[in-house]
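Structures are listed in the sections that come next.
In what comes next, chain A is part of two complexes: it sits with chain B in the first one and with chain C in the second one.
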Partner chain A sequence: MEFTTQDKGRYTEVSATGRLNMVAAPKLREVINGVVSAGGKRIVVNLAGTSFMDSSGLGALIGCLKLARQSGGDLRIAAVQPQVNMVLELTSMHRVLTPHATPEEAFLND
Partner chain B sequence: MTDILARRALEQPATEQAIEDLHGVLDQLWIDAAFVPQLDQMAFTTAVIESASNVVQHGVPADGAELLLGVELTVATGRLRAVISEIGAAAHDPVPDIDGAAASAPLDEDSLLEDYDESGRGLSMIRALVTTVTVERQGDTNVWVLSRDSGQN
Partner chain C sequence: MGIMTAAPETRRALVVEDDVDIRGLLVQILKREGFEVTEAATAREGLQKARAGADLITLDLNLPDGDGVEVCREVRTFSDAYILMITARTDEIERLTGLETGADDYISKPFSPRELVARINSLFRRQNRQAAADVANADERQRAAEVQQNLLPRDQLALQDYELCGRFRPSRSVGGDFYDWYGTADGLHLTVADAMGKGMGAALIAATVRAIMRSVATQPSIETAFATAARATEADLEQTSSFVTLFHGRLDAATGVVGYVDAGHGLALHVAADGSVVRLPSAGPPVGAWPDQAWSAGTVHLEPGDSLAVVSDGLLDIYETVEQFTEAVAGVVTAAAGAEDACGRLLDMADVPEVADDVTVVILRRSPA
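So, the complex of A and B:
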């Protein structure tokens, strides 16, 4: 899985491309940790290129959400693909990580 | 006897690379069995990767043995089946709680976030994604069998 980080002004966008499984999960934590350490408060994880996520990947996203909130910010997800959506709904985690249609919309009303 | 319409297998050391390779094997299976509905493909793939990841993350090799991951995937009429073997493994202790009640989701968001338990979540996801799941000891191998009824014709 590949990650790219982009400063979008109002938020930092982290694009995740590939499979968010037990191999990629620690890398996601590392990338988000870097964004938070650099002072990033509003983070959008763009999942348009994430074809698969398992409980390890979801666990990493949840951990990253907690980290962002602990540092006074927030983390949101966007452009979720069908398998990722299935996992979010199956675990009820769509209630805390509500998918937004596009990265631009994630913090639109804040 | 049920006709096997597609079959794929993998056996290699139980490492992270095995999980990446298993994704490739599943992709090949769905090329061979493109008639299986998307939802069944997604659910079955997720359950298989969860089980195999459990082997790689939590499998303990028996004394002097190398832990291997073996996976056999078969598509038959109306049925997807995976046999996931933890070869050269010590017996499970504790035995995975595959019969546990489905985790009931707490009502409020804060509890959902605080109560998230990754390994427990993986097992409960497997239970939710397949029709039957069993884990048993065969010789030096722990064997997971996942089966999902599929809506194919």
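So, the complex of A and C:
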């Protein structure tokens, strides 16, 4: 899995490409940790290129959300693909990690 | 199931290579080095055979049905084998070393047999230093696997008019799935859970959750019992920043009514005698995933001939959508001769390379009138 981080002004966008599983989970935590440490408050994880997510991947996203909130910010997800959406809905985690259609929309109303 | 015996004298190698000549050469070299060799010509076959266990895997980067990098990452989710990637282009190696492929080493075609042997020997020298520790670890893993299998309910519940069967296949020697049941005055209690991740860490959490769920068995209200268990579990999970999906059901045998609470599992199906199926949605996130949750109970009524099938998400991996999964499981349950037959058939379906996760199936069937 590959990650790219971009400062979009109003928010920081982290694009995740590949499979978000046990192998990629620690890497995602590391990347988000880096953004938060650098003072990033609003983070959008762009999942357009994430074809698959397992429970470890979901755990990493939840951990990152907690981290962002603990530092007074927020983390949102966007451009979620079908399999990832399925995992979010099965686990009811879409109520906490609500998918946004595009990264631009994630922080549109605040 | 891949319980490791780590006997250093029988080293197993798997050659994943579509070119017949190169494959033949690799097999020959590895056999000469004392390996027991299996071969695969495609990514699909390679993944399947990797699952059977290997100490060394040579993996061609360009396979007809898949990218070797993806295969490598996949193998890494369930295997600690030494992976040697083989590529036709030297410049590829530079690109590959920058990626997190999970491979241990790279070699470019054409390679000389001597070069290959040198690489493998240097690897196993490195590994031999760890061999003693590995044997101890493998021994421990095997004991852990035995402990975990022993935690599963073995008693056949003699419940008139009902059949109950459960099966569990971990992706490694131990796994994060478990199921449990026990008889009560009115019928039975049933729990199916899936702890985040795989392997030993997940298995420890699973064992803890089993004990906690059993400790609330005597609380009459399922919602109160579940809430109590969830609070206790959360305290343990917080240390590990992990979570567990849980389905807990209580059957009243006389009426066929099952009260249940589903925390983030979402894969319990009510399969009616006529083959129609309803999936029971989860009432909230997995336990430990998010603070301050409450889960409301639902009920499902098992008529004669109906089944309740609770499956873990491992089997879901072979379907595009939950709907397809639901229909497929319902089809198998309806066609099967009974709960045990249905469990066996569902586990067989999971015996494909796409399923890299633990797989659990529990079926409660009310006998036809």
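The rule we apply is simple: the second predicted complex is superposed on the first by the 110 of 110 C-alpha atoms of A that agree within 3 Å, B and C clash if a C-alpha of one lies under 4 Å from a C-alpha of the other, contacts with A are read in each partner's own complex, and residues count from 1 in each chain.
In this section, a contact is a pair of C-beta atoms (placed from the backbone, for glycine too) under 8 Å apart; a residue touches a chain by one contact, two chains touch by 3 or more.
Note that the structure is predicted; figures quoted are calculated from it, not measured.
Because the two structures share chain A, they can be overlaid on it, and in that overlay chain B clashes with chain C. After overlaying the two complexes on the shared chain, residue contacts for A:27 are found with chain C alone; chain B is out of touch. Shared-chain residue A:89: touches chain C; no touch with chain B. In the superposition on chain A, A:8 makes contact with neither chain B nor chain C. Stretch 75-83 is the one among 75-83, 93-101 or 273-281 where chain C clashes with chain B after the superposition on chain A.
Contacts of chain A with chain B, set against its contacts with chain C after fitting on chain A, overlap at residues 19, 21-23, 54-56, 58-59, 62, 82, 86-87, 90-93, 95-96. Listed in rising order, the residues of chain B touching chain A in the complex are 16, 19-20, 23, 38-39, 42-43, 45-46, 49-50, 53, 56-57, 105, 109, 112-113, 116, 118-119, 121-122, 125, 128-129. Within the complex formed with chain A, the chain C residues making contact are 70, 73, 76-77, 99-100, 102, 176, 194, 196-198, 241-243, 245, 264-267, 281-286, 289-290, 313, 316, 320-322, 357. On the side of chain A, the complex with chain C involves touching residues 1-2, 18-19, 21-24, 27, 54-56, 58-59, 62-63, 82, 86-87, 89-93, 95-96. Within the complex formed with chain B, the chain A residues making contact are 19, 21-23, 52, 54-56, 58-59, 62, 65-66, 82-83, 86-87, 90-93, 95-96.
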